Amino acid sequence: MNSTSSSIPNMPWEDRPAGNSDVIWRYSANPIIPRNLTKTSNSIFNSAVVPFKGKFAGVFRCDNKKREMNIHNGKSDDGIHWHIEDDPIEWINNDPELGKFEHRYDPRVTWLEDRYYVTWCNGYHGPTIGVGYTYDFEKFSFLENAFLPFNRNGVLFPRKINGSFYMLNRPSDNGHTPFGDIFVSESPDMIHWGHHRHVMGTKGGWQSTKIGAGPVPIETPEGWLLFYHGVLTSCNGFVYSFGAALLDLEQPWKVIYRGGPYLLSPQTLYECVGDVPNVAFPCATLYDPPSGRIAIYYGGADTVTALAFTYLPDVMAFLRENSEK
Amino acid sequence: MNSTSSSIPNMPWEDRPAGNSDVIWRYSANPIIPRNLTKTSNSIFNSAVVPFKGKFAGVFRCDNKKREMNIHNGKSDDGIHWHIEDDPIEWINNDPELGKFEHRYDPRVTWLEDRYYVTWCNGYHGPTIGVGYTYDFEKFSFLENAFLPFNRNGVLFPRKINGSFYMLNRPSDNGHTPFGDIFVSESPDMIHWGHHRHVMGTKGGWQSTKIGAGPVPIETPEGWLLFYHGVLTSCNGFVYSFGAALLDLEQPWKVIYRGGPYLLSPQTLYECVGDVPNVAFPCATLYDPPSGRIAIYYGGADTVTALAFTYLPDVMAFLRENSEK
Amino acid sequence: MNSTSSSIPNMPWEDRPAGNSDVIWRYSANPIIPRNLTKTSNSIFNSAVVPFKGKFAGVFRCDNKKREMNIHNGKSDDGIHWHIEDDPIEWINNDPELGKFEHRYDPRVTWLEDRYYVTWCNGYHGPTIGVGYTYDFEKFSFLENAFLPFNRNGVLFPRKINGSFYMLNRPSDNGHTPFGDIFVSESPDMIHWGHHRHVMGTKGGWQSTKIGAGPVPIETPEGWLLFYHGVLTSCNGFVYSFGAALLDLEQPWKVIYRGGPYLLSPQTLYECVGDVPNVAFPCATLYDPPSGRIAIYYGGADTVTALAFTYLPDVMAFLRENSEK
Amino acid sequence: MNSTSSSIPNMPWEDRPAGNSDVIWRYSANPIIPRNLTKTSNSIFNSAVVPFKGKFAGVFRCDNKKREMNIHNGKSDDGIHWHIEDDPIEWINNDPELGKFEHRYDPRVTWLEDRYYVTWCNGYHGPTIGVGYTYDFEKFSFLENAFLPFNRNGVLFPRKINGSFYMLNRPSDNGHTPFGDIFVSESPDMIHWGHHRHVMGTKGGWQSTKIGAGPVPIETPEGWLLFYHGVLTSCNGFVYSFGAALLDLEQPWKVIYRGGPYLLSPQTLYECVGDVPNVAFPCATLYDPPSGRIAIYYGGADTVTALAFTYLPDVMAFLRENSEK
Amino acid sequence: MNSTSSSIPNMPWEDRPAGNSDVIWRYSANPIIPRNLTKTSNSIFNSAVVPFKGKFAGVFRCDNKKREMNIHNGKSDDGIHWHIEDDPIEWINNDPELGKFEHRYDPRVTWLEDRYYVTWCNGYHGPTIGVGYTYDFEKFSFLENAFLPFNRNGVLFPRKINGSFYMLNRPSDNGHTPFGDIFVSESPDMIHWGHHRHVMGTKGGWQSTKIGAGPVPIETPEGWLLFYHGVLTSCNGFVYSFGAALLDLEQPWKVIYRGGPYLLSPQTLYECVGDVPNVAFPCATLYDPPSGRIAIYYGGADTVTALAFTYLPDVMAFLRENSEK
Amino acid sequence: MNSTSSSIPNMPWEDRPAGNSDVIWRYSANPIIPRNLTKTSNSIFNSAVVPFKGKFAGVFRCDNKKREMNIHNGKSDDGIHWHIEDDPIEWINNDPELGKFEHRYDPRVTWLEDRYYVTWCNGYHGPTIGVGYTYDFEKFSFLENAFLPFNRNGVLFPRKINGSFYMLNRPSDNGHTPFGDIFVSESPDMIHWGHHRHVMGTKGGWQSTKIGAGPVPIETPEGWLLFYHGVLTSCNGFVYSFGAALLDLEQPWKVIYRGGPYLLSPQTLYECVGDVPNVAFPCATLYDPPSGRIAIYYGGADTVTALAFTYLPDVMAFLRENSEK
């Protein structure tokens, strides 16, 4: 069994610093993955990690020195120190039309039913959501693009709901989309998607330009805990922060709580300086139910990968007290 | 039986004017539907007509004097003189979330299997493709939105292909989209859609900004005949013309022929002057196989409805001689 | 006495055409002022007319053949046939800083207290509202700019309200403003303005881009009747239509009724074709209380001046039945 | 001898209409060339005419029904009724790199030294000025692109000045350039160009967005008479009018007179309605010194070709009285 | 007495570093106020300080972690170490229409006549200038919005001039305004404003995009000393620097000197890295006439508050030698 | 003899750091020229260095504290420590029309035939390429602007090719050009330029927005080695990196190799933080044939000047292995 609700006693962790009362705190040795970890990498960020065989595996966004965006396979004993493949994942795929490479980025990974599903932003005449899977983090198969372009931030729920698959996603346009709400779509077979429903839109402040689902939602008795990024447009560009919301367990397009303040905004040099200044972008969590610990993997400045920590009960308390649904 | 390949001996018709060698010619009494045909209408255009019980029925885009966009039911004995309801279609629909009205426009109608399906540009947090049906042009039921926003120009094929429904469509953005290619999507049930494939993109000249499917494709032995609009951006705005292409019968994302020149561009006062100058936008055809006659209903200047005529063999010859796939 | 509520038995008039059920109808001999009425005029439109000494006088926007925008004095016996001065109004003004000419356009005129006040869009480091007056339509004095730039469509109420002057206006930017709500400002002395209040903003459809006050409001027992223009942005540019609202007599920032549909939109060649296609822009009315007749002067396509007619009770009935405040 | 200063007794002409006091007046049978004169033409406009062997020849911009822009050879007995070749000019050219076709448009033609030079807007990785020549309007040779992209409206002076060739031109960008001044460049050999000098920039009103040289300048004792177009940006797009200036005979970058008002702005249906509404764009004149007659060929609405007339002395008087250098 | 010309012996100060010949130098312990000084603050910057009862008080822009912009009350013994209230100022105000909160930011404070006036950028259907006052930095009363939207950087003169109040201000638009000049407006009563005059516009270089008044002007025998910010648009966004000008004592719209170079531009990490990179934005000064010392409070990167120092005679000498009025 | 192929034994150098396998490495003491090296400088970057009389001379872009852009003369014994003149170069020039200063920036210098030619981006009604020369780095003469505006990055080849001068250049527009390919132009006399040919355009990734020639090309037996910058547009602005290509010796518009990956992208604080974040922009190299050493001078963040090193054979090997012509 490998579900997201399993215990992960060896997950990365560092206690909240003394005197810090923030809901979320950064790892003191950030960034954990430098931009040039692999021979060809320009940057490694917005990456997805899961527990795998008592250790950790992941799919990593690596932009190479041509600034091509692709996703790579990686392994780690401790979730902090990573070996990432120099070469991108080669997808098993029988349809040559689908096989053409435009770009692949911002992966998410989840154990779902019987395998690890990977979703990512996949270029097919524009960005859309590619869906693939692996059983072993050795061979990866490409299923299909879930949606028409233009879409980004496709994030699967880690179990079927009422017999169907569900995927959060964010309709977009063909550029640096200056708008965007979170929707959820339903599927009987991971190929055909329908019953698209609006989940939540932009609000003021840090989430006033666009929002997008972050890591795979965490199931709690009260609802699905969703970390999501929000974007504010300053006169000098986009600022990506992230916050949290709680979605209904059975009807995941219904929002139970939505946190007013952000939980983490770009404030350190590795978040504020890099290929895209002022970005903190979460794509994966590790959650250990016995301890309530959550480790959040997030990209800094679209350049490096960083870690932040929190406790599930602290996030839930934050949501109850700061909800502005 | 009411399929698109049936004979329509009473369809509207006017012979090609003497001396005219164009593939398509305009009806001399255009526009057939004035902007103020109904009490509340600001404009009636981009509308869909089908043969119905030996006469004609249709779904009409009527913008009212608030400039709200909605679709109305209409009837005609001869396909030229129409009675259109003052009030928009009320859709039977059990999901209040879907029932909220943003806008509805640019309908297409086709007989498919056992009923008349209607597709249109439906506002649900942005434009997407609404799917509904009627058996009798009295009661209309709303099924679902086929896709996530943002999408326009959803056009069903008039029969299942290899057991599946297929719909042409044009991913868009949330404004006056300055880009757009034609895709096709496949569905087992009219609710869930997948296997999205790119059909064709923009080319130079009249179709250099964006393109979109027009009327329901006409089945011919050689392939699906598709009239489609193309848009050129002049320094004074968009110009909508239309041309034709032929798609593979079994794999409708494969283009067999694609006409280089347009077939009709806005050149008359009712196409060049109105709420949106320089628009000729086709949404429906009537086709009579015995005679080869095709009548094309198209909107003029986003204000009125006009008719043009051609013969299927003439269009096929044009495509063979002018294809620039 | 010369107030707007006086009888004007000789005002221009033409009965509603048989079979026409619109609230407002056009004069059959439109446009009444051609673009080249004066020797130097490129266009004459968006102009203001008042009854004057049993006849009619007005201030007219004339763009000359350099396409400079200025305002000219004019006279008419019947309100239809006009003599307009070749040269623009020369303003008496003692402050050379204010005297520099950038542009002057879109005047309104009203009898107020003891003189005819003229307001217009006056260039002073950008468009703002110039305020001047005349006693005799011979000499014109410039008082001051009421507001900082950027502002347009400054329209005085025709009497003091609770001892103060009030002016409707529309904050703007320094270009072809793609936004704009109607505000009202209050003044003790026509020089200093404050207590700025928001009156109404954009809505969907014909008034979705921006709105602006049109003619001087007409006092009725139920409120101030305001004709105002609204702008829709099509993919080929702005469309200017006009509708009506009723404002509170004592607190004119409170909207009692606001008509959902437009009353007149550009549909004739002289409204749809010209220097700015698709513009119908009202700047003045004549109102005859005994008969209820209202004549509306409006610009067509930013090129010519046209007339439309209605009855006050018909507009009031329209507002009661179609209000979407 | 074929210079521009020769007599052309058979040039097209129509007297100034009675009561008309404009400097320039339109031909009463405009447009002289309809959009569909040739089998494949979508539009014929912005075209260049010269006297040739006692009759007339010209190079014509014909956009075909793909909306490709190319230039065609044409002949006329009277300068009004034209035969234009269905196929575009084939250019003799030995450099395959230069031979690739992107687009060709807006030609000018002048007799210069020993042959007819043709300049046009030539696509070579963007619009620039192509230079070619013909001796006989049968064979046409392509010399070179005079400038780097992006440039438009390259217009040669009809004789060498102080031993050098001179060409007016308008640096641009790669789209619907919203800026543009007139420059002049000098060349010893028609291949290499330098000593680029600024001639004149935009001013207010009708020429506030960009300007560009029109027909080949006409030599007068006082200077080179230049008709040039100017563009105003309304909220509904560009408006192209034209006016006149007088340039120094020896130092043609020095402006002697520059007319404040336009001479002709789009005011007729064939100038205001078409593929690009509101365009009057002159590319050629015929000038008969004995009579002082000038015929101006100009494009209407980027769709048709029209004629206007004037007398040289009238234009000179206009310039002297209305100069705003 | 509490006027700005009083002595402030305990004002913050640090001598010019050895070897530094700049007119203005930064405090070595910058930033003095970190972004997270209060529990809820995301950032504290663009804030206004005045001497108060022998110590210091101020109004501070604090953006909270929702990125809402509001202004807070603060106190300090030394002008460097501050206590700022967690909660924003609650304004006493009897008009509910005015009480709605959109945003409040960039305050200025001045002792004027009998109280401390506060002006700030106040959201009322867009940004405008809110005017309020306090006697004691305990209770704060809201008077009115001085102007219609859209306006920013409203800065009062610290005494009446010829019996009237005067306020510098900067008309803007409803977004990240890419233009903007400084104007001055006059008022008899702090409610109604008029006689708006243009003070100065943009120039090249660091002040080429827009400018805006900074701290309350300092009265000197030669004129009003105004520090003001200027903005340059690089290909990667806005850069905010600041410089100085001297305005006429009696006619404050007349510029006596205007410094060509900036006095301080963003060059340190706390000015170049943060929520808005490359911003140095002054909102307040302390001035001690006996010593000539000036302390300038300015925001860094829209994130933190910093201090810089100079001597009045040094600024005056700079202006005399570098004026480019 | 002073050609670029001479030996420069005293050129700046630092060996590749141990463990570093990059083709190019940074100087450990970067930046070598701080922003405030001269009394009036805001920044010194994008500068050109040549060997001169056994030492080094150069022309430096210095933006002053008005943010005016100009070029200054400088000298150095070691190529690392520089003395730069406070005042900009005064150009000897007899044509007052050319002498007006708009801006001068981004110089390149090369020994060519008999003197040092300087090319730079020169403001003449927009940016174009100024050409001047010096024999002694004391007196500088201005020849002419090579091209019409708008152009940037004009870079001469360091010897005649087949008897002609050749200059790389990049047609642009009048703002922060979001496009741009490299062209080459030919001249007999450094005044008149023609035979303009396209060299290479944008590609994906780091060079997807625009490209421009960097230092003067280095002649190698296989071709001209060109370092060039490329620009990527992130959602937070432009990112300037640089790579390399090899051009044909005789036909320098033909590309032999073009490196896929960048060689250096902005990754250090002095490249990522400054007046324009994320810029690494090379304008000069020193090359020592005996050792194969190349030193590259490049601007960091449009603020400071930095050095990087490589070996010619390493760059050639990189090109052979990574060419994506």
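Every chain is named by a letter (A, B, C, D, E and F) in the order it is written, and numbering of its residues begins at 1.
Just so it is clear, a contact is a pair of C-beta atoms (placed from the backbone, for glycine too) under 8 Å apart; a residue touches a chain by one contact, two chains touch by 3 or more.
Not measured: the values here are computed from a predicted model.
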| query | In this assembly, which chains make contact with subunit A and also with subunit E? | reply | F
| task | Show which chains lie in contact with subunit B and also with subunit C. | result | D
| task | Treat each pair of touching chains as one step and give the shortest count from subunit A to subunit D. | result | 2
| said: Counting residue numbers used by both copies over all numbers at the interface, does the subunit C-subunit D contact come out same (over half shared) or different (under half)? | reply: different
| said: On a CA-centroid basis, which chain has its centre farthest from subunit F's? | reply: C
| query | Which of these, C-E, B-C or D-F, makes the same contacts as A-E in over half of the contact pairs? | reply | B-C
| query | Distance-wise, how many Å sit between the C-alpha centres of subunit B and subunit E, to the nearest whole number? | reply | 59
| request: Let me have the rounded angstrom distance from the C-alpha centre of subunit A over to the C-alpha centre of subunit B, please. | output: 40
| said: Distance between subunit D and subunit E based on Cα centroids, please, to the nearest Å. | reply: 55
| So which stretches of subunit E touch two or more other chains? | 236-237, 273, 277-278
| note | Among line, ring, star, complete and other, the chain touch graph is other
| said: If we use the touch criterion from the header, which chain pairs count as touching? | reply: A-B, A-E, A-F, B-C, B-D, C-D, C-E, D-F, E-F
| Can you list the residues on subunit C that touch subunit E in the complex? | 97, 124-126, 128, 144-151, 169, 171, 173-174, 179, 181, 183, 185-189, 191-198, 201
| note | Counting only contacts in the complex, subunit A reaches subunit E at residues 21, 204-206, 208, 232-237, 239, 241, 260-262, 265, 267, 269, 272-273, 277-278
| query | What residues of subunit D sit close enough to touch subunit B in their complex? | reply | 35, 39-40, 42, 64-68, 176, 236-238, 273-278, 302
